[in-house]
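The following pair of complexes shares a single chain, chain A, combined with chain B in the former and chain C in the latter.
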Partner chain A sequence: MNRTAILWRVASVLVAASFIAAWQLVADLRLVSPVFLPGPDRAWAALVRGFSSGDLAGKLIGTLEHMAYGWLAASIAGIALGALIGSSRTMRAYVAPSLEFLRPLPVSAIIPVAIAMLGLTQGMALFVIAFGAIWPIMLATVHGFAAVEPRLYEVARSLQMSRAAIIGKIALPSALPDILAGMRLSLTVALILSVVCEILAGLDGLGHWVLLSARAFRSADLFAGVILLGATGYVTSIAMSLVEQRLLAWQTAAR
Partner chain B sequence: MSLDRTKPLLLPLALMLAFELWARLIHLQSDSLAPPSAILAALATALADLSIPIATRDTLFAAFAGLAIGSAIGLALGIAFGISRPLDRLMEVTVEAIRPIPSIALLPIALIALGFGYRMEIVIVAFACVWPMLIMTRSAVRSIEPRLMEVSRALRLSAPQRIAKIVIPAALPRIFVAFRLSAGIALIVAVTVEIAINPIGLGAGIMLAQQALRADLMLAYLVWIGAIGYALNILLIAAQRRLFGRAALAGDHP
Partner chain C sequence: MSVVAKLDEARAARRQKTLIAFNAATLRLGGKTIIENLDLQVRPGEFLCIVGASGCGKTTALRLAAGLYRPTSGAVTFDGEEITEPRREVAIVFQDYGKALLPWRTAAGNISLALEASRVPARERGARIEALLRKVGLPGHADKYPTEMSGGMQQRLQIARCLAQEPTTLLMDEPFGALDAMTRQGLQDEVLSLTEASQTTVIFVTHDLDEAIYLGDRVIGLLPHPGRIGIELDVDLPRPRDQLATREHPEFLRLRRQLFDFIKATEH
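Up next, the complex of A and B:
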């Protein structure tokens, strides 16, 4: 980063800080009832208190666990199914339209069905999160496999590579940008569905924490939870871009 | 040609037929599954007694109201950030800090501030719709042919004139793509809020059917919600083709 970029960044942080100061002012002047809007000082205090007593850390870990297990299951299943469908022309013709039909379905609508089947359990949450997160990954994989440069397949045929070798050495690497973009999208889906499942099923996590805080009108705790959820979304998306950069470094270098 | 048309339909039809036969063979009694014939019957009944049409109206009202508010805010901010690079850089950290908050996390805040009903749902939908609109409008405005902006300067257009006559028309195809994506998000968020907590609309309907152990009605709602999502998507894609032709498709895969 050069000097002007750093200066802009500092100015940008200052602008954000002034928004927080304005929030503090609104809270201090009681323009909005403190029942609904705690000042940033109280939200921060609640955050520190929650972490020092260990409550909030446990909830954060709970949410991260739901999200990670569901997302990982969805990634593995999504890439495998997507590769299976995407690498065969017949499968694409018969199966892909059904998948496209299911794509605009609001995935949260599957929650009641999952509750009827599995009850208000961890398994239900895991199923819902994985089911919701699988679509972007699977469709991106199908799309990525379908868009592989046809001449690469010709090369593979003339080298007499096996189907597994074609998938592993040619199709997967060239579909990787699509797959990673799908995985990034479904990371957000996984976080949202984790929160919804925790709210509905009372599972240990930040979703349950913010709902309980709201019911008890403990607005500072509520804001602390929302801030942590925002931080979770931010950190996971940053981590994903780092992974993306690293895994796709060969591609930018080749261009 | 006719075979190509029927191919996509074969898999779902075969699955439904197999499920129907299986359900009849074992005389399925379940709280979570129902044969397709029972689902269709429940759907027809619920459509006839107006419970599904009323729920649909509630959900679509909340989704579209939130979409209108959210995309208007997103559009205004997107144009402002797209035109003025300094403004964009100054607001960068603020936007980056607020955007990753999952929309559904605002649910408890909206709940204690606004109570149950349309208002809290509209606020959450609006929050979710701001971001795709902002990000895509900003990049659309920024990629406007620079010579067009030079022309507007040469003509000494005022800032509002420049936005109305140059910026919006030039960026409109890609703005519509953003609007289409936001509409999908609006429906998803509205249904999610209803399922999680708000006792109105299709989401509340499907939860009630589940709690009443009416598997056929629950799955009928699921099919209906899917059909609404599909119809909305088809409608907006058709509108996009009609209005902008190939210009909009160019922005689809940037």
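Up next, the complex of A and C:
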């Protein structure tokens, strides 16, 4: 890392620190009632207390599970469907209008439908999260498969590669940058929907914890949950970046 | 009989035969006739160059021989058999090397693609890849990505991948069109030595008339709209060819003149 990069890093840490300091100041001066706004000190204490009693760890795992299962299901189905649609021109022509109708549909709107059909169950949560998270992945995969360099297909033909080999060795790696970008977007969607499902269906997780803390006016616990949710989003996004960097090392090789 | 005489006889016998034949091949695409009634025989081991003004269908002729297109009428045969799809013993070197290489695979990985397609066992691939890279003058570049290589190096890499197919025939579509003059001459000589050593049959499409005469045993000039043969020249220049001596040879200059006059006439 060079000097300017270090300076930027230091500056970003300072911004975060001053934000926390301002928060502490507002809380200490009681500009907002402590019933609604705990200072970072109380939020941190609640966080530590929650983990030492084991409650919060359980909730965190619950949310992570919802998010992971939904996201993985969305990834598998999204890549498979996207590959199917993207690799065929006729399929694209037939399916694209339906996709355009379904895609902008707010997923929260289908939650009541899902609850009516599947009940307040883990299955319902899995369905809703996967349904919401599939769009960015599927549309990115469709685009990625449609944009494969036609010359490469001719190379594959002249090498008499099998259909499976063409998909695995040409189309999929070529579409991978698009697919990974879609999966990154879906990660956020999956987290949001996990929390929404937990709140609406009372499933075990941080969403439920946040809701109960708010109802009981335990503002410190509420903030502890919110902080954990933020951290979850941040950490999963960083993990995704690392995976991307590793898988797409060839893109940065030339620059 | 001496060895030389025997070789000469073998060569003469081969000349009689035909490896690739266009029999009244016609190709229409989108209502336009690209190639009409093309009759052309390519002998085994021959280096045939095809030239012509742009839009005369020279690349299309090559794609017919590759099996990437099928003729609307007539036939294109390989060893007496109709070409219906690309075959492994026929390798194609595309002009746009940047698009024909897999950017996510290293040089070694790109060559490996052809070996994988030919079901070469994994443990044999490493040595084969190394030998091929050395053959095309890229030793020590195995771990580079195509985007880290110059245009000339990328085209060498594509040629190495084609050689990995162990082809009996190479179809080359303006392979050096995008390269600078020095790189181009170096690659011309390398292609000559590679194909002469293995008696590979080559169909080489180019718009560079000097290049066609320098490389070829025979040069075909196509006429445009629709593409058909306009001129056929046998190149009786001594081999091995030499960038200076061959290009100064009176016969070279005579053929060059003839070909230039032909192309000029087609452009009006």
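We adopt the following convention: the second predicted complex is superposed on the first by the 250 of 255 C-alpha atoms of A that agree within 3 Å, B and C clash if a C-alpha of one lies under 4 Å from a C-alpha of the other, contacts with A are read in each partner's own complex, and residues count from 1 in each chain.
The rule is short, and it goes like this: a contact is a pair of C-beta atoms (placed from the backbone, for glycine too) under 8 Å apart; a residue touches a chain by one contact, two chains touch by 3 or more.
It should be emphasised that the depicted structure is a prediction, and the values quoted were computed from it without experimental measurement.
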{"item": "Touched partner set for A:2, first chain B, second chain C, both or neither", "value": "neither"}
{"item": "Touched partner set for A:152, first chain B, second chain C, both or neither", "value": "second"}
{"item": "First, second, both or neither for A:176, with chain B first and chain C second", "value": "second"}
{"item": "Partner chain in contact with A:210 - chain B first, chain C second, else both or neither", "value": "first"}
{"item": "Greater chain A contact set [chain C / chain B]", "value": "B"}
{"item": "Contacts on chain A seen with chain B and repeated with chain C across the two complexes", "value": "none"}
{"item": "Touch list for chain B against partner chain A, complex", "value": "4, 7-12, 31-33, 89-94, 96-98, 100-109, 111-113, 184, 187-188, 191-192, 195-197, 202-203, 206-207, 209-210, 213, 215, 218-219, 221-222, 225-226, 229-230, 232-233"}
{"item": "Chain B-facing residues of chain A, complex", "value": "8-9, 11-13, 15-16, 19, 35-36, 93-98, 101-102, 104-113, 115-117, 188, 191-192, 195-196, 199-200, 206-207, 210-211, 213-214, 217, 219, 222-223, 225-226, 229-234, 237"}
{"item": "Chain C residues touching chain A - in the complex, by the definition given at the top", "value": "66, 68, 85-88, 90-92, 94, 96, 99-100, 102-106, 113-114, 116-118, 145, 147-148, 165"}
{"item": "In the complex, chain A residues that touch chain C", "value": "149, 151-152, 154-155, 157-161, 165, 169-170, 173-174, 176, 248, 250-251, 253-254"}
